[in-house]
Amino acid sequence: MDTGDTAWVLMSAALVLLMTPGLAFFYGGMVRSKSVLNMLMMSFVTIGIVSVLWTLFGFSVAFGAGGNGFMGDFGYVGLGEAMNQMTTVNGAVYKIPLLVFSMFQLMFAIITPALISGAIADRAKFLGWSVFVTLWTTIVYFPVAHWVFDFGDANGNHAGWLAKLGVQDFAGGTAVHINAGAAGLALAIVLGKRNGWPKAQFRPHNLPLVLLGAGLLWFGWFGFNAGSALGANGLAGLAFTNTMVCTATALLGWILVEKLRDGHPTSLGAASGAVAGLVAVTPACASIVPWAAVLLGLVAGAICALAVGLKYRLGFDDSLDVVGVHLVGGIVGCLYIGLFGTGRVAGAGGASADGVFYGGGFGLLGKQAIGAGSVLVYSFVITFVLGTVINKTIGFRLDPEDEETGVDLFEHAETGYELAGVGGGSAFHAAVSTSHRTEAAKGVSA
Amino acid sequence: MKLVTAIIKPHKLDDVKTALESFGVQGMTVSEASGYGRQRGHTEVYRGAEYTVDLVPKVRLEVLVDDGDALDVVEILVKSAQTGRIGDGKVWTVPVEDVARVRTGERGLDAI
Amino acid sequence: MDTGDTAWVLMSAALVLLMTPGLAFFYGGMVRSKSVLNMLMMSFVTIGIVSVLWTLFGFSVAFGAGGNGFMGDFGYVGLGEAMNQMTTVNGAVYKIPLLVFSMFQLMFAIITPALISGAIADRAKFLGWSVFVTLWTTIVYFPVAHWVFDFGDANGNHAGWLAKLGVQDFAGGTAVHINAGAAGLALAIVLGKRNGWPKAQFRPHNLPLVLLGAGLLWFGWFGFNAGSALGANGLAGLAFTNTMVCTATALLGWILVEKLRDGHPTSLGAASGAVAGLVAVTPACASIVPWAAVLLGLVAGAICALAVGLKYRLGFDDSLDVVGVHLVGGIVGCLYIGLFGTGRVAGAGGASADGVFYGGGFGLLGKQAIGAGSVLVYSFVITFVLGTVINKTIGFRLDPEDEETGVDLFEHAETGYELAGVGGGSAFHAAVSTSHRTEAAKGVSA
Amino acid sequence: MDTGDTAWVLMSAALVLLMTPGLAFFYGGMVRSKSVLNMLMMSFVTIGIVSVLWTLFGFSVAFGAGGNGFMGDFGYVGLGEAMNQMTTVNGAVYKIPLLVFSMFQLMFAIITPALISGAIADRAKFLGWSVFVTLWTTIVYFPVAHWVFDFGDANGNHAGWLAKLGVQDFAGGTAVHINAGAAGLALAIVLGKRNGWPKAQFRPHNLPLVLLGAGLLWFGWFGFNAGSALGANGLAGLAFTNTMVCTATALLGWILVEKLRDGHPTSLGAASGAVAGLVAVTPACASIVPWAAVLLGLVAGAICALAVGLKYRLGFDDSLDVVGVHLVGGIVGCLYIGLFGTGRVAGAGGASADGVFYGGGFGLLGKQAIGAGSVLVYSFVITFVLGTVINKTIGFRLDPEDEETGVDLFEHAETGYELAGVGGGSAFHAAVSTSHRTEAAKGVSA
Amino acid sequence: MKLVTAIIKPHKLDDVKTALESFGVQGMTVSEASGYGRQRGHTEVYRGAEYTVDLVPKVRLEVLVDDGDALDVVEILVKSAQTGRIGDGKVWTVPVEDVARVRTGERGLDAI
Amino acid sequence: MKLVTAIIKPHKLDDVKTALESFGVQGMTVSEASGYGRQRGHTEVYRGAEYTVDLVPKVRLEVLVDDGDALDVVEILVKSAQTGRIGDGKVWTVPVEDVARVRTGERGLDAI
C-alpha cells in the first residue's frame, strides 16, 4: 500500500462527492425560486439511492472481478469481500485499498444520474424520479461504467468491451457525460415541455448560487480527473493541469461568443463555460499536452455556447441544457482525443496512442467515435423506454396546475426562502397559524 | 378622474396588461400583495411541524383614468383577469381630485 | 514520518475546520432571517475562542503526555514543545508530526461547542455565549476528549478512563455528539422557550443555505471519520465507506418517515437525515462492516426523524433539534457497536471486539452504555450549572423585546440581507442617511 | 517522487483554486445586490485569463530555470517542457512533479489580481478590467513572484533578488497581499469614488454570502500556507498551526475593537478579522512559533479593524478595503517576522534567522522592510500608470447613469436574484415578455 | 361602500385578522410597507460606518366594507392593532364608487 | 383630509422625504412598486435567450394631510421628485373621510 496514493484517492473521492451538491446548487440557482428545493432534492436523493445500490450490487456489476465484456460478476455484493483487498480490478495493481477505489467510483455513479435532472427541471414527480434513478443506474450506468472503466486484471481479462477496444476515456466523457446527456435528451422528450415554454419566462432565480455551484464543481473536478490517476504522480499532475487550463479557456470561449452574439458576457455564461470545459477535458486530460487543452477549452466553450440554442430550434425543453453542455461537450472531448491525442504524454503516465494530428491516422478517432456513439445510443434508447414506462405507470410528469403552484410546494410542502427584512418579515410570519401535527405535537395539545 | 385598483392573480398580469394596452391605457402601477378570502392558502411541513399559510399571493394594479373610461376599464380588468376559479380578486374605483405628472408638473387629465 | 499519512491528516484537519462554517450555514438557514447572522456568529466566535484555549492549555488537558485517567498534564502549553515531535500520545506511534495531530484534534474541540448553539437559536446574548464557550470547552470538552480519545502511550499508560475501559468511539459519538446534545438540552432548558413557541411560526428562512451546510458537513465529515485513522490506509478506507453509506441511507430513512407520516419527503428532512447518519456512524465507522452501516443509517435516520418531535411532547424549545439529532443519533451509534461491532474489521485495522450479534455477548454493549451514559450525565449537569450561573450573572437570555426586534440587529447591529431587486432596492438604500462615525470618518466631516 | 508530498501539493493547489471563488463570494456579498454578479465575474474572468497567460509564458517568467534576479527565462512556454520534470526550480529538489508545482503557483497568480477587484466595486467596465488583469499579471505579478518565490537552483543561481537577499515571505505577504493592496489603492484613486460616496449608503447586501466566502477562504488558505511547504511534513504542520491560531485570534481582535469602539461585534467584522489574520500570517507562518502567531493575530486583527477607517480620512473609495486588509495586513505580517522570527522553528523545517526579539538584531527587520517597500512601490506605480492608460483609452470607469442602473445590468445584462416567494414571484415573471433572439430561437419563430 | 386602509405593526397582523374575522369580514388584502413617523428606526454598523435606517417595517391592510360597517371596522382595527406604544399606525377611510368581483363580474355590495 | 399618493423614482426618495419634512409633514408610509408607462424597461440575456422586463422599479409614497395642505404637498412632491426625465412618476389626491391613530384612538386631524 502506498499511503500517498491512498491519501490522494481518499481525498479525490471526497472531492467528487462534493460535486453532487455543487451540481445541485449550479442547477438549483438556475430554476425559478418555486422549484429550487426540488432541484436540490433530485441530486440529494440520488446520493442516497445510488449508495445503497452500489453497496448491494453496483460495484459488482461495474467492477466485479470475474465478469465479461458487458458486466462484472457478483463477487463484491455487500462490499464485505472488498474490505481487505488492494485494487487490482482496474488493469493494473494499484497500491490503494479496494474500498477506497470503490468509494471513488461510487461518486461517479452518483453524479451521472444527478446530471440528468437538469433536463427535467420544474416538472418531475419526485417518486417518478426516485424510481427512475434506481432503474437507470442499475440498467444503464453500472454496465456502461464496466464497458469503459474496467480494464480487467493485469492481463486485461474480464475488461469492458470499450476499454478492451482501446477507447480512451480517462475520467468519464462517455460513461458520465455522453451517458447523462443522452439520457437527459430522452427524458426531456418523454416529459415534454414546461407550461408556457418557450414563450414564458424562466429566468435563473439566484445567480450567485449558480456560481457557487460552478466553483464547487471546478474544485471537486480535480478529484474527478486527477484522482482518476489512482495515485499522486505525474499522471495526476498532467490531468490536473489540463483540467485547469481547459476549464479556464472554455470559460473565456463561452463569454466571447456571448460578447460577440448578444453584446454582453454574462456570469451564467462564465459558469456554463467552465462546466463545458470541465466536461470536455474529462475524457481527454490524460491524452493531450497542455497547449492542446488550452485549445480544447476555447473550442468546447464556444461550441457549447452555440449548442444550447439547439433546443429552441428543435423544440425540446432541455431546461438546464444537459444536452448542450454534457452531451455536446462530452462528444467534443472524446473526438478531440482522436485528433490531438499523443504518445508524448506517455512519459508522465498518460495514454500512448497518437491521434490524427500526431500522425496516428484515423484509427484512434474511429475508436473514439465508436465509444461515444455506442454509449449515446444505448443510453438514449433505454432511457426513453424507462421514462415512458414510469410515466405511464406511477407517473413522472406533474399535472399543469401543480407545476403552476410550484414543485417545491406540491412535492415537498416547503418554500425555499422566507427572506423578508428585519421585522417586515414578521408580517407574514404572524400571518401564519401554526399547528404541530406530528405525533409528538399531538401529545402537546392533548 | 378615477383611480381603479384591481387585485388579481399574479399569472394574469400579462393578459391584463395586454388588454389595457389595446384599450389605450398607457400607464399603470403594479405592486405585490397578499390576499385573504375564500381562496384557501397552503400547508408546509418542517421537521414534522405543520404551518398553514393563509395569505395567497396577489398583484395589485392601480390605473388612473378619465371619468368616462372608468367603467370600461373595470370591465376590461374583470374580463381579462377572470379564470372563473375562487380567488380571482376584486376591482374597485375611487374618486380622484387631482393628478400631477412629476416630470412636467402638468395637472389633471393631461397628467395621466 | 510518513508523508502520505501526514498529507491525509493535514487534509482531514482542513476538512474538519470546514465543518464548522458548514454547521453555521446548516443552522443559519433554519432560523428566521432576523437571526441568521447571530447563528453564524455563534459558530465563528467559537472557532476563535477555542483555538486560543487549545494553544494555551487545551491540547495539554486533552492529550498532555503525562496525565491520569481524567486529564492530561501541562506539557504542551503554548504548543512550543509539540513542534518537533511525532505523534505518540494516542496509543501507538503514528508517523505524523504531533502538531498535525494537534490541529486535527483542535477542529473537534471547535465543532463540539458550536453544535450546542442550535439549541438556543434566536435568543442568546452574544457575550453570554462567548463566556459559556470558554468555560464549557475548558471544563467539559477538554477532559471528556481525554477520557475518550487519549489511549496514552504505546503501553496504555496515562490513557483516559473510558478509552482504557474499552469503550469504542472511533471519531466522537460520545465526546462530540452525546456531549453536545446533552449540553444543548441543558441550555435549552436554562434559557427557556422563544417568545411564542411552540404556537408561533419559525419557518427556516433559507433552505438552500441549509442544504449547502449539509453538503459541506458531509464533505468535511470524511476528514472527521476517515481522518481519525490518523493515516491513509485500509482503516481510513473502511471508515470512509461506512460514513458514506450510512449517511446515504439515513437520508433515505428520514424522508421515508416523512413520506409515510406527513405525506411529503422534504429537503429539510433529507439534510437532517444526512446529518443524523453522519452522527450515528461517527463512533461506529471503524467497528462495523458496510452492510451494517447501511442498516445503521436506515435506523438512525428513522429514529431521529421521530425523535425531533419529542420536544413538543416534553415542552423544551431545542430550537434546531440538537437533542433529536446529535444526542439521539450519538446514542444510537454508540449502542449499535455493542450489537453489530465485529472483529471481522480488524484486518483492515478496525476494532477487534465482537458485539451481541457476532457472538460477543453483552460485554461490549455494556461498555458502550457506560461510555454514552457517563458523558451524557457529566455534560448535562455541568452545562446546566454553567448556563444558570451565566444567566444569573452577566445574562444569557435576551429580553423579549430585543428578541422581537431580532438578535442580529440587537446584538450585532446588522441585517442579513438587503436583496431588493435592481433599482427597487435603492428605494430603501436612499431612505437611509449614512453617517460614518468612526474616528476616521469624524476626520472627514471635521 | 514522493507520493505523499505530491498528494498534499495536488490537494493544496485545488484548495488555493477554491480561494478565488471564495474571495468572489466574500466580496460579492459586500456590495449592493445590483453589483453582485460583476463582483463575481471580476474574479471568475481572472481565473480564465491568468490560466492562459500562465501556460503561455507566465510560469516561465516567474520560474523559468535560467533567468536572472528579475525574471525567469522562457524555457517553460506552453508547459510542454515541464511535463516530465521534477521540481528543482525552487531552491531545492522537491519530490513532486514540476507540473504540480506549476499548478500550485498558478493559483497564487490568479488570486492576486482577483484581490484587487475589491477596491473598485460597482464602477469598473468589464472590458477595462479584463485588459487590466492581462497587463498587470504580466508586468507586475509574474516578475514579482520571481523576485520573492524563486530560490533558483539548489545553489541559489537564478534566484529572485528578494529571495536572494534573504527576505522571508513564506507564502506571499509581499508578492500577493502587499502587491494586491498597493494596486488596489492605485486603482481606487484612478477610478475615483462611487456616485455619492461617502455620504450614500453601501450596505452589504448578503452577509451570509460574505461568511461563506470567508469560510472557503479559511479552508483554502491551509493549501496556500501549509501547501507552500511543498510537502507533507513538519514544516507544513507548523505553517498549518500558525495559520489556524493567527486567523482565530485576528477574528477575535477585530470584533473586540468593534465591541469597544462601536458597541457591537459584527459578523462582517468577524469575517474581516479572519481574512486579516490569514493575510498577516501568510508571510510569517514558517518563521514564528505558535504563541507568536496568537499574538500576531490579535495585533493584525485590531490594526486592520482600525485601518479600514483610513479611506474616509484620506478620501479614497477603496470600496471593500483591499488597502485596510491586504496592504496593511501584509505589511504587519512581513515586519512581524523581523521582530518575532526565530531559528527555533528551523527544526521543523522553518526559516533560521532570528528577529529583534530573539536577539537577531535589526538585520532581518531591515530586509523585511526592503521586501515590503519595494513590492509596494513597484506595484503602486505600475498600476497607477496602467489604470490611467486603460481609462483614457478603452475606458475603465462606468458612466454615472450606468453605475446608477447597476453594473450587473449594464455590463452583464443580468440580475442577481429573482427571489419573490411562491406564486408572488410569478407576478413579475408574468410581467415579462420573453423573446429568444438567439440564432436558434430565430429558427423557432421563423 | 368604503375602503378602510390600516397601517399596523407587523406582529399585530394575526390579532387584527382574527378580530376582523369574528366581526364577519371575510376578505382583505395585505401588503408590506415601511413607515416614517414618530417611531424611530435603528442603526447598523458595517466596518465602523454607521447607517441610520429611519423607515420602520409596517403592514398595510385594505378592507372593502359596506358603508354601515365602516365605523365599526375602524374601531375593531384600532382596538386589535393597539399596543399603546409609538408607531402603532393609522387607519383611514376613503369612499368607493364601485366594486366588482373578478370571478363572477358581480358588482357593488355583492362583490365584497 | 386628503390622501396624497406619489409614485416616484426610487433614488429620489431621500430628497422627497427631506422636502416634506421641512414643510412640516411628520409622517408618511412608503412601499415598493413597479411602474409601467412611457419609460422603457430593460433587457436581460440568459444563455442567449432575451428577456424584456417592462416594469420599472418605483417607490409609492402615501401622505395623509389636512385639506388645506394638500395642494402644497403636491407641489412639494412634484418639485422634489423631479429629474425632468421620462418616468418621474405621478402624484394624485383622494378625499379621506376619516382618520384614526391606532395608538390613542384619536380621530380626524389630531390623528395625522
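Note that the chains take the letters A, B, C, D, E and F in the order they are written out, and that residue 1 is the start of every chain.
Definition applied: contacts are C-beta pairs under 8 Å (C-beta built on N, C-alpha and C of every residue); 3 or more make two chains touch, one makes a residue touch a chain.
For clarity, every value in this text was computed on a predicted model and none was experimentally measured.
Student: Just to confirm, which listed pair, A-B, D-E or A-F, duplicates the contacts seen in C-E for more than half of them?
Tutor: Matching more than half of the contact pairs of C-E: A-B.
Student: Which pair wins on C-beta contacts, D-F or A-F?
Tutor: Most C-beta pairs in contact, of the two: D-F.
Student: Using mean C-alpha positions as chain centres, tell me how far chain A is from chain C in Å, no decimals.
Tutor: So the centroids are 31 Å from each other.
Student: Nearest whole angstrom, what separates the Cα centre of chain E from the Cα centre of chain F?
Tutor: Chain centroid spacing, chain E to chain F, equals 18 Å.
Student: Which chain D residues reach two or more other chains?
Tutor: 2-5, 7-8, 11, 198, 201, 203-204, 206, 212, 232, 261-264, 266, 268, 309, 312, 405, 409, 413-415, 417-423, 425-426, 428-434, 436-438, 440-441, in rising order.
Student: Give the residues of chain E touching no fewer than two other chains, as numbers and ranges.
Tutor: Residues 11, 17, 30-32, 34, 42, 44-46, 48-51, 55, 94-95.
Student: Any idea which chain B residues touch chain E in the complex?
Tutor: Those in contact with chain E are residues 2, 6-8, 31-38, 55, 58, 60, 70-71, 74, 77-78, 81-95.
Student: Given the complex with chain C, which residues does chain B contribute to the contact?
Tutor: Counting only chain B, the residues touching chain C are 44-51.
Student: Quick one: which bits of chain C touch chain A in the complex? Just the residue numbers, please.
Tutor: My answer: residues 2-5, 7-8, 11, 15, 32-34, 198-201, 203-208, 211-212, 214-216, 218-219, 222-223, 226, 231-234, 236-238, 240-241, 244-245, 247-249, 251-252, 255, 261-268, 270-271, 274, 289-291, 294, 306, 308-313, 315, 344-345, 347-348, 405-406, 408-409, 415, 417-419.
Student: So in the complex, the part of chain D that touches chain A is made up of which residues?
Tutor: Touching chain A: residues 1-8, 10-11, 13-14, 17-18, 21-22, 24-25, 28, 36-37, 40-41, 44-45, 47-52, 54-55, 78-80, 83-84, 96-100, 102-103, 106, 126, 206, 209, 212, 232, 411-423, 425-426, 429-430, 432-434, 436-441, 443-444 of chain D.
Student: Touching chain F in the complex: which residues of chain B?
Tutor: Residues in contact with chain F: 1, 3, 17, 26-32, 64, 94-103, 105, 111-112.
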